[in-house]
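Take a look at the structures listed below.
Both complexes below contain subunit A, partnered by subunit B and then by subunit C.
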Partner chain A sequence: MSPDLQPLLLDALLAGGVLLLLVVDLFLKDTSKAVLADLTALIFVGLFGLSFAVDTSGSAFDGAYVGGEWPLFFKRLFFAIGALTALGSRDFVAERFMRRQGEFYMLLTSCVLGMTLLPGAQNLVLLLVAFELMGLPLSMLAAWAKTEDTKGQDRDAAEGGMKLYVVGAASTGVTFFGLSLVYGMSGHLDLAGLAAAPGSPLLTLGMFLTLAGMSFKIGAVPFHMWVPDTYQASPTPFVAFLSVAPKAAGFAALAAVFVKGFGSAAAVWAPALLAITTLTLVIGNLMAIPQSNVKRLLAFSGVAHIGYMLMALAIGTGEATGVLLFYLAGYAATNIGAFLVVNAVGGRDADVDIGLFNGFSRRSPGLAACLLIFLLSLAGIPFVVGFWAKLYVFIEAWRAGLGWLVFLGALLAVVGLWYYLQIAYAAYIRPPAADREQPVAVDPRTRLAIGVCLVAVIGMGAWPSPFIENALAAAKAFIAH
Partner chain B sequence: MTLDAYVLIAGFMFCIGLYGVLTRRNAIGILVSVELMVNAANINLAAFAHFGRGIDGQVLVLFTTALTVAEVVVGLALVLLLFRRRKDILVDLANGLKG
Partner chain C sequence: MTPSTLALLSLFVPLGAAVLLGLLGPLRRTGRPAAFVSVAGALVALAGAVAILAGGDAALKPGAHLVWGWLSAGPATAVGIHVDGTSAWMLLVVTLVATCVQIYSLGYLHDEPPAALGRYFTYQSLFLFAMNTLVLAPNLLQAFLGWELVGLVSYLLIGFYFRKPSAAKAAVKAFWVTKFADLGFLIGLVTLYAKTGAFEWTAVTPVAGFVTLMLFFAVMGKSAQFPLHIWLPDAMEGPTPVSALLHAATMVAAGVFLIVRAEPLFAQAPMTREIMAYVGGFTALFAACIAVVQTDIKKVLAYSTCSQLGYMVTALGAGDTFAGYFHLSTHAFFKALLFLGAGSLIHAVHSNELKDMGGLFKKMPFSGAVFIIGAVALAGVPPFAGFFSKDLILEAVEHHHLYVPLAALAIAAFLTAFYMTRTVMMALFGAPSHAAEHAHEPGIDMKLPLGVLALLAIVAGFGGSWLAGLTGHEYAFHFTLVGGAGTAIGLLGIATGFWMFGPAQGGAPIKRGMAPVGVFIRYGLMDRLSTVAYGLMLAVGAIIAWIDRYVIDGVMNWSGWILLVGGRRLRGLQTGNVQDYVYAVALGIVVLGAWGILR
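Right after this comes the complex of A and B.
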């Protein structure tokens, strides 16, 4: 490979992986296609390992793509998420969509390809193409439950996928229009040139439209209405993916355009971002309380977590951006683990009522303990990763003079504890239903994926310093470039 | 025509599209509205490029057109899926799922 394309080595290999999956799928019988999940996981694990061995710094395509610490951090995160999702999906997908497994993993992998390209993009053309490459497979995968299940949930899946699609398409339209105004005012498509634009009303309008369009993708309030419906209707292992990976990619895009592109105009967009942050924190936490469907509950809890991450983004300093990366990594490990446990408990059902968790600790003590740790991490209890993530965000917000936001965030974290503990209460205190006393069946690969999440959550909670230092270094490289 | 006229037309088209996305319940209507929004952005890009912002804008128009085509293909596939399952193609963003 020519030295010019060296920064894109991992992405190029991943693109090869997409094609490989497509070809291998042709030669497999329907009954043996589950091996594609292992192949997908293998590709991601291999790339994850390779990311430590190869040098991907430098720039490609005349500066439109820049490698280095910042994209590398995201790539490792996405590879890890992809591998965990593939492992967690294997038996579920093989059982429910036997004939459409190849396409499932192919789309999942190409979605991850869009995400890995995103953080290094220095040009709006590449940024938009990568964003779409991520967004389109998501709505297809959300509508994946089509024919093979007979319990009436297929209708929901089509509607959930359609909602994700409509919201995604509309947000793309808004983002395009906003960026077209920004281009008109600044005359540049590269991020470095955006910063040089003189202030004008049209530029401000363009910025706000871009902010609104991108907030749709991460599911920030008031653009969050698709989140619970899509989560409820989609295949649960895919929801584990949907709830973390596109959010991380969305934050990478927001950081690229706002912290970097419009860094000098922070006085204009920061108040708007703070308003969205406040709304997201309040609505996400309060709407989670009355939910009796665990997938909807975790959807609103995800919205609340987006609020804490937006808090770090709104501060906009190098340290705060590093904290954002740490939060993303911790949230990814926790939420994937939680959704995989929910998938195991829910079985084939797309709807997972909180009542299904009754007596969970007596049925499967080990799995229930995992769930409890994930829930404590989501709630931000010491000494799991969620605690450090929230604490660092609060410290940075306090330093930036946002004392009121820290107070609000801490108050709402207590509210969060209430609804997370509702699930724990059902699992540990309530007796199991008479027909549900046998242990929860978990296939070995899901077990492995949950175990990896558990190690990550506890490991990053017990020794956060190497991870936070890595995140801070990545953010420093991002700001400095 | 001056640059202002183009930007005004684009802004008007964008508003029609946004209104359509927010009020339409028919999935095809929503797709058409999204198309209006994206094409408003395209008019902007082409006009800005023509009035002295360099060729970049024209290039981005080509990319957005290709992206939108891909997006519409997925959208129509989902519309077909929805129609086959439900015999209607109504999408209500504000309400929850109906079983």
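Right after this comes the complex of A and C.
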């Protein structure tokens, strides 16, 4: 490989992995296609390991793509998420979509390819292409349950996918329109050029339209409405993926365009971003309270967490951006773990009512303890990663003079504890239903994936230093470049 | 061994026991052997604490500070231990009461299934670790970690009887209310770090006023100060030994300990101290009033705990750290004694209600005697432990001219003596109830801890000068007018109680008149107060949900209709209301766009 393409080495290998999955799929019988999940996981694990061994610094395509620590942090995160999703999906997908397993993993992998390409993009066109490479497979995967199941869930699934697609298309249009205004007014497609562009009303309009379009991907209020519906209708292991990976990618794009591209114009966009942050925190936390469907509850909880991450983004300093990365990593480990447990408890039910968790601790004490730890991490209790993530964000926000936002965020975190405890209450205190007393069945690979999430959540909670250092270094490299 | 080595031992041996029981399921499920592991851990911790103090205070004067760097990036901080007179003494109080409670639990929870017993003792060991983490914390961050962990273990221990729905509800409520208060701790920490770059106990900063106010908010939750005390009476749903350890002697006192530890910070904040004095004084009086009308022996003691914590907070508010700390120590002993003694009575009659007791002194002379010792210590009768510390608090509050809190404390002193006399008379004397006929003394495993605590409730008050020297203060008992008046008021309370609830059964009209008031306070006021606080958030959530559903959606639809008339065709898609979502996006975009242009 030419030195010019060195920063894209891992992405190129991942693209090769996509093709490999396609080809291998052709040679497998439907009954043995489950091995594709293992292959997918292996590809991701291999790339994760390789990311520590190879040098991906430098720039490619005349500076349109830049490697280094910032994209590397995201790539590792996406590889880890991909591997965990593949492991957690295997038996579920094999059972429910036996004939379409190959496409599931192929689309999942290409979606991750879009994500890994995104953080290094220094050019708006490349950024958007990567964004769409990620976005289109997401809608398809969200609708994956549509044909196989004839018990009425197909309509929900199609609807969930359709909602994601239609609203996504609208916001992509807005993003494109906004960025074309930005290009028209600044004459630049590269992020460095944007920084130097003189301010004008149309440029500001373009900036804000871009903000609106990208806010959709991360599910910030008022662009969040697709989130609960899509989560409810989609295959749960995929929701584990959907609830973390596109958010991380969306934040990478937002950070690239705003913190870096328009960093000098922070006074213009920061107030709007703060308004979105406040709305997201309040609506996400409060809307989660009345939910009785655990997938919808976690969907709104996810919206709330986006609010905390937006807080870090809105501050816009190097430290705050590093804190954002740490938050993303901790949130990913926690949320994937939580959704995989939900998948195990919910089984084939598309609607995971909170009542299904009754007596969970007596049916499967180990799994219930895992769930409790994930919930405590989401709630931000010490000794698990969620606590540090929130504490770091609050400290940065306080330093940036956003004391009122720290108050609001801390208050809403207590509200959050309320609804997380509702799940824990069902799991630990209510007795199990008469027909649900046997232990929850979990396949070994899901078990492994949950175990990895658990180790990550506890490990990053007990010893956050290496992770936050890495995140801060990545953010520093990002700001400095 | 050096004090720091011993302190590490006291910290980690209970953790080892907890981990051992947590990971080895088969061992935990054996019940009693698991309990012995936990008790052994507590005994080692206690031995460590004793050895530290036996080493003399020369080693404790500068304070041994042993820390390891933990977080190097982000908010850099260290974990470790800080052993000085204050933390060494608190370590002794905590491990001593914990050991007594654990041994007592062996007898008290004798009938529990082995698996449940094993789980209970796992939590007990974990609690001891968590509490010691807090006590030995070299900085505020570690204190916060221990603080949160004790809250979590308290949740697990209250919910121990999870087959009892009321216990489970109480556990959630306790966790949630204290967690709500903890947001003050978090904000205090964040502010302190943002301004000073560290989490030091001794930080000197212009924002000390704000930081201490925030910390005090957290203390109000943990140490059950009005109006955040609502969780404590409900927490009595947990097993009685848990109430003795967590909700009387140690965990609820953690708030007071925090203020003692952070004295340098609070010294910079006269405003906060004044607020503390008033909040504490009001809580002392308010809770004492409620205790008077309780019919459940544990509820009497729970409100009494609130009230006594109010005493400590008032003393700290008056700036006399030692008075608060002294009362914390004596209170830990006699209140743990009262709870364990009450547990012994409850164990005998299988009821918490005072009316189911009566005449128990004849059946259970030992339990009755130790309970009376606890009661007179609480009432402040000389020369029992409570007398000295209460005397010092009254003196300190008077000395700082805080006359309103002083009056509140004085009335509370009368009420305290009164309601304890009432409880003693109703539970131990008079006509025995049906349930009390078959009552008998508990076994030696329950008697031994009672004996130890009773001894301490008698003599601990004389250790005041020694404790003052240990923690770098000066104290010698001397007679003052206000202290003497306080004692006289207490004796008057006892006399009144004896007149009304003793053999004479005097003051019948007062009792009749007070009966509806009592019912109102027991069933109306408290429930209403907590329901309001509790339901408020649910209501807000419901309102927001309603607004989201009807108002925001409506506005979206309306504005969407104006903006995207062509969007009507989308309705043919038959995919539910996806249009609304596009309108939502559109409205958001319009608002942002308008903001962009108009700004």
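Methods note: the second predicted complex is superposed on the first by the 481 of 481 C-alpha atoms of A that agree within 3 Å, B and C clash if a C-alpha of one lies under 4 Å from a C-alpha of the other, contacts with A are read in each partner's own complex, and residues count from 1 in each chain.
Assume contacts are C-beta pairs under 8 Å (C-beta built on N, C-alpha and C of every residue); 3 or more make two chains touch, one makes a residue touch a chain.
Keep in mind the model is a prediction, meaning the values are calculated, not measured.
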item: Which of subunit B and subunit C A:410 touches, first, second, both or neither; value: second
item: Which of subunit B and subunit C A:196 touches, first, second, both or neither; value: neither
item: Partner chain in contact with A:19 - subunit B first, subunit C second, else both or neither; value: neither
item: Partner touching more residues of subunit A, whether subunit B or subunit C; value: C
item: First (subunit B), second (subunit C), both or neither touched by A:140; value: first
item: Which superposed partner A:179 touches (first subunit B, second subunit C, both, neither); value: first
item: First (subunit B), second (subunit C), both or neither touched by A:398; value: second
item: First (subunit B), second (subunit C), both or neither touched by A:170; value: both
item: A:283 touches, of subunit B and subunit C: first, second, both or neither?; value: second
item: Partner chain(s) touched by A:98 [first = subunit B, second = subunit C, both, neither]; value: neither
item: Subunit A residues contacted in one complex by subunit B, in the other by subunit C; value: 158-159, 162-163, 166-167, 170, 174, 225-226, 229
item: Subunit A - residues contacting subunit B, complex; value: 124-125, 128-129, 132, 136, 139-140, 143, 146, 152, 154-156, 158-163, 165-167, 169-170, 172-174, 176-177, 179-181, 183-184, 187-189, 202, 225-226, 228-229, 232-233
item: Sites on subunit A touched by subunit C in the complex; value: 158-159, 162-163, 166-167, 170-171, 174, 201, 204-205, 207-209, 211-213, 215-216, 222-223, 225-226, 229, 268, 272, 282-283, 286-287, 289-290, 323, 326, 376, 381-383, 387-388, 391-392, 394-395, 398-399, 403, 406-407, 410-411, 413-415, 417-418, 421, 425, 428-429, 463-465, 468-469, 472
item: Residues of subunit C touching subunit A in the complex; value: 70-75, 144-145, 148-149, 152, 159, 162, 165, 168, 171-172, 175-176, 179-180, 182-183, 186-187, 189-191, 193-194, 537-538, 540-542, 544-545, 548, 552, 570, 573, 575-576, 578, 580-582, 584-589, 592-593, 595-597, 599
item: Touch list for subunit B against partner subunit A, complex; value: 7, 10, 14, 17-18, 21, 27, 30-31, 33-34, 37-38, 40-42, 44-45, 47-48, 52-54, 56-57, 59-60, 63-64, 67, 70-71, 74-75, 77-79, 81-82, 85-86, 91, 93-94, 96-99
